[in-house]
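Sharing a structure with you now.
In order of appearance the chains are A, B, C and D, and numbering begins at 1 in each one.
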């Protein structure tokens, strides 16, 4: 059994770390607020006070954080990962971050003789819990090969995409599509509701045709049940659209649909919906003065 | 066996009418250009010179046309449907048109004592050929009930949604989502290509997750195979976005994502792609000066 | 002195008709609600009960109405303009309507032997009051020439642009630019306010540079003074963006900026701002939960 | 007379530095490519090999660079400004950059005991040449006061807006409005051209009304004269829209019109128009297959 480190015990990190523990691996963990690690500690994980100590304790350290700022802080702060990486150590960055930030981290890790894998995932809380994530990998191929068993614990599918930055870009592409789909889904649900139609009929119809996607089923159910409990927080979706648009700016690719979706998600902050599930976007589209169904 | 009429032998109408024939029904047909009916005539259908004569010959007449203008012309022209409808006759409008146009047609049909069903479909050529369309119905409920067998020949699922206009609105909602998804899909494929990533990897990744929709599989394959053969012509997708936006205007629902997608599809006309498959939108997003993969 | 007819006594029609009266012309008027004509009747105008009677009384009838629906109704209703036009009569349509609607009206008028001028204006209430509108004309050139004096009473500038439809299209272009500018202006004011900057400084800066437009001065003042009194109602601006987008659809011109502006104005209806001045758009952009400055 | 430093001899920096020279001030200059300084050297300026040496030579150093990357490099590179600033020195950052970058530079300068003024300008080449810029200032107020004469040489108006970041934000707001106006202007010109109308008529009409802005006159003339010579390069306008959108993201202000305009400008890169004047955006909107008027 291996000794893994895990940094970040948020909505995603917690079930992922849990799965590594359940598979029998030793786990050292760190999170900004220790309380969120409680379930892991009860299950046998060891908490340390800094990211640096995680890396010292473990052979391979995974991190799953909210955004590029958090990923940079965990790596480069005075008690950060970078202070402990060395030959024989490995770092797996699973946060959804832009390729530029990922490269900054990866190059610094590799410059100290450690191995680096960029490994963002597709899937949200239910997939993380079930170990059914799709894991996009890039960076040191020997590390990718060596982590075969861990990747199989965490996900149902993993791919190696090439040099550092490739997986980060791929992930942003996935989440750009997801965000645009969710924004359009909420627009249509609002239109149909205003036109006096039944949302469940709409879900049944698209569920039987070419647009049938598990996300519409899952998020449609949440919207109809007025359930805003976050599986994938709205603010993370907006952050990913923003990062995808930055990537589009770098490559000079016009992406007006993603840009429109991004502005729509930004509007949801004005309603205080940023920590709710991404599907709560529906609430902010709902005409004021009418009782929202959510 | 019934005697059906079928008006419109385009990409969709032809396989639909063929399925009614194959099921043993008598069929009288009309199309603006007779040649397109050839396969039907060989299979035993009778061609007449005007929509009016179709209605005279058949108990129930289906129509499947390109847009509101065509639907209005077939109904209200001097030799149109409206001249022949009468008690005992029924008219089923399956074209994708706006609820206002549909109501105009339905009210006029009903005012002459005939039955009317608005019955737009979800699905494109392969579904039409396989009799696996999803059929959204609204209007005279007794006609909906009476047509049970015909609806089962044409589609795998049918719903009754209420008064005339309901099915037309629902259909526009479906195609609004479809158009926004296709536009976003092409944006992401362009971005990933510019970032040096492999489109097939992207298709594999989304195919394994919450975004997996048959449309992405089918259209992704067409894009990678450089196949622009129309299943659902781009100009029809743009027309549907336009009609959905008009409906949004009526109901005062802001739909910036659909609006951005619509403008993107309009740009494809500048590349002469309007008669190609909707997935040819990808070509118009592709940076000039680079060899498009499609 | 001539005998003019004037149909429509709204925000624009009232001061325009007043100016014709003040210049010494005889005036017969009609408006849907007679009360709005009170100032004109006091000043010597004659009220009649239908548009038809206006045309019978006057040599040249002007109309200034809210939208294409109103323009069509006034022309084609059973007691409409079309029932009375004949050789020797002339009709001047000054409403902002789409070229298709204008052509419908113009062709019908001309078919009855009367002369027709399409003459939408640039300018809002203050310009209408001051007789300083800019009048875009198209249609019968001899009527344009004959109306030289009346056009000089109503406006400070008039142009002849060609066949019916040309002036309507030009007007939509002007109002498309205006709506996009207003939407952007409100976006920037909101951003700067959130960034803690002073709106008056911004107005001073743009007032001294290449962006200085009288509209920014006038509307900036209204926004800072929390004055929503309509000079140009928001719903009319949104209607014009919608009509411009329809024209863009006809000509296949992608106009993503106008489309985004249009969706933004639609959102203002959700705040009940449609009858307020166009500058009240600012209110709907303002983050909820903060006290709007307007 | 003062001894000024000037870093950056691009389209804007060259005429600005020239005006300081003409007013009798001593000038030490640096630019990445020395050739661009030739006119300044002929007029009496001294060229040095690094930004550091400019600061050593001059009391107050102005910089006018292309973007945040350039501004950061000039300040923080091994031979950058930061190596030489000290009590008694002052640095005036006139580049259009985001407030975050500006603060990074300002704080570092001030931490070394020097004075810092953020001073972006409104106006392009003709205004820079004529000394008619509008200068937005923020930072050390005593430096603002001390530079009264220099600011009067460079511009026709200057304001003090508060702490570092305020002027950068204000400038982005100005250029956000400018970019959205230019994008809308090009959309309308394209629409009117496709509708068979005359662009000069449109310019005359808006020139007589509430939308009259010097920019439309100047850029309309360039477009009609097919003159793409850069006064304000398209890529700078796009960069400013991008920075404004980033600021909007920080403050959670939805700005869909600016976002749509930004994506439109990005498309112009696909046509190789980035180094042309911002008004060349018109070319990229022009339907392919028709002869562009520009």
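Heads up, the rule we're going with is that a contact is a pair of C-beta atoms (placed from the backbone, for glycine too) under 8 Å apart; a residue touches a chain by one contact, two chains touch by 3 or more.
Note that the structure is predicted; figures quoted are calculated from it, not measured.
Asks: If I rank B-C and A-B by number of C-beta contact pairs, which comes first?
Replies: Looking at B-C and A-B side by side, A-B shows more C-beta contacts.
Asks: Among all chains, whose Cα centre is located farthest from the one for chain D?
Replies: So the farthest one, by centre of C-alpha atoms, is B.
Asks: Can you compute the centre-to-centre distance for chain A and chain C, using the mean CA position of each chain? Integer Å is fine.
Replies: Between these chains, centre-to-centre, one finds 51 Å.
Asks: So what's the Cα centroid distance for chain B and chain C, whole Å?
Replies: Roughly 38 Å, centre to centre.
Asks: Using Cα averages as centroids, what's the distance between chain A and chain B in whole Å?
Replies: 37
Asks: Which chain A residues sit where two or more other chains touch them?
Replies: 248, 252-256, 259-260, 263-264, 270, 287
Asks: Can you tell me which positions in chain B touch chain A when the two form their complex?
Replies: 99, 122-124, 127, 134, 136, 156-157, 159, 161, 166, 169-170, 173-174, 176-178, 180-181, 183-185, 187-188, 190-192, 194-198, 201-202, 204-206, 208-215, 218, 244, 247-248, 251-261, 263-264, 285, 287
Asks: Show which residues of chain A lie in contact with chain D when the two form their complex.
Replies: Per the stated touch rule, the residues are 242, 248-249, 252-256, 259-260, 262-264, 266-267, 269-270.
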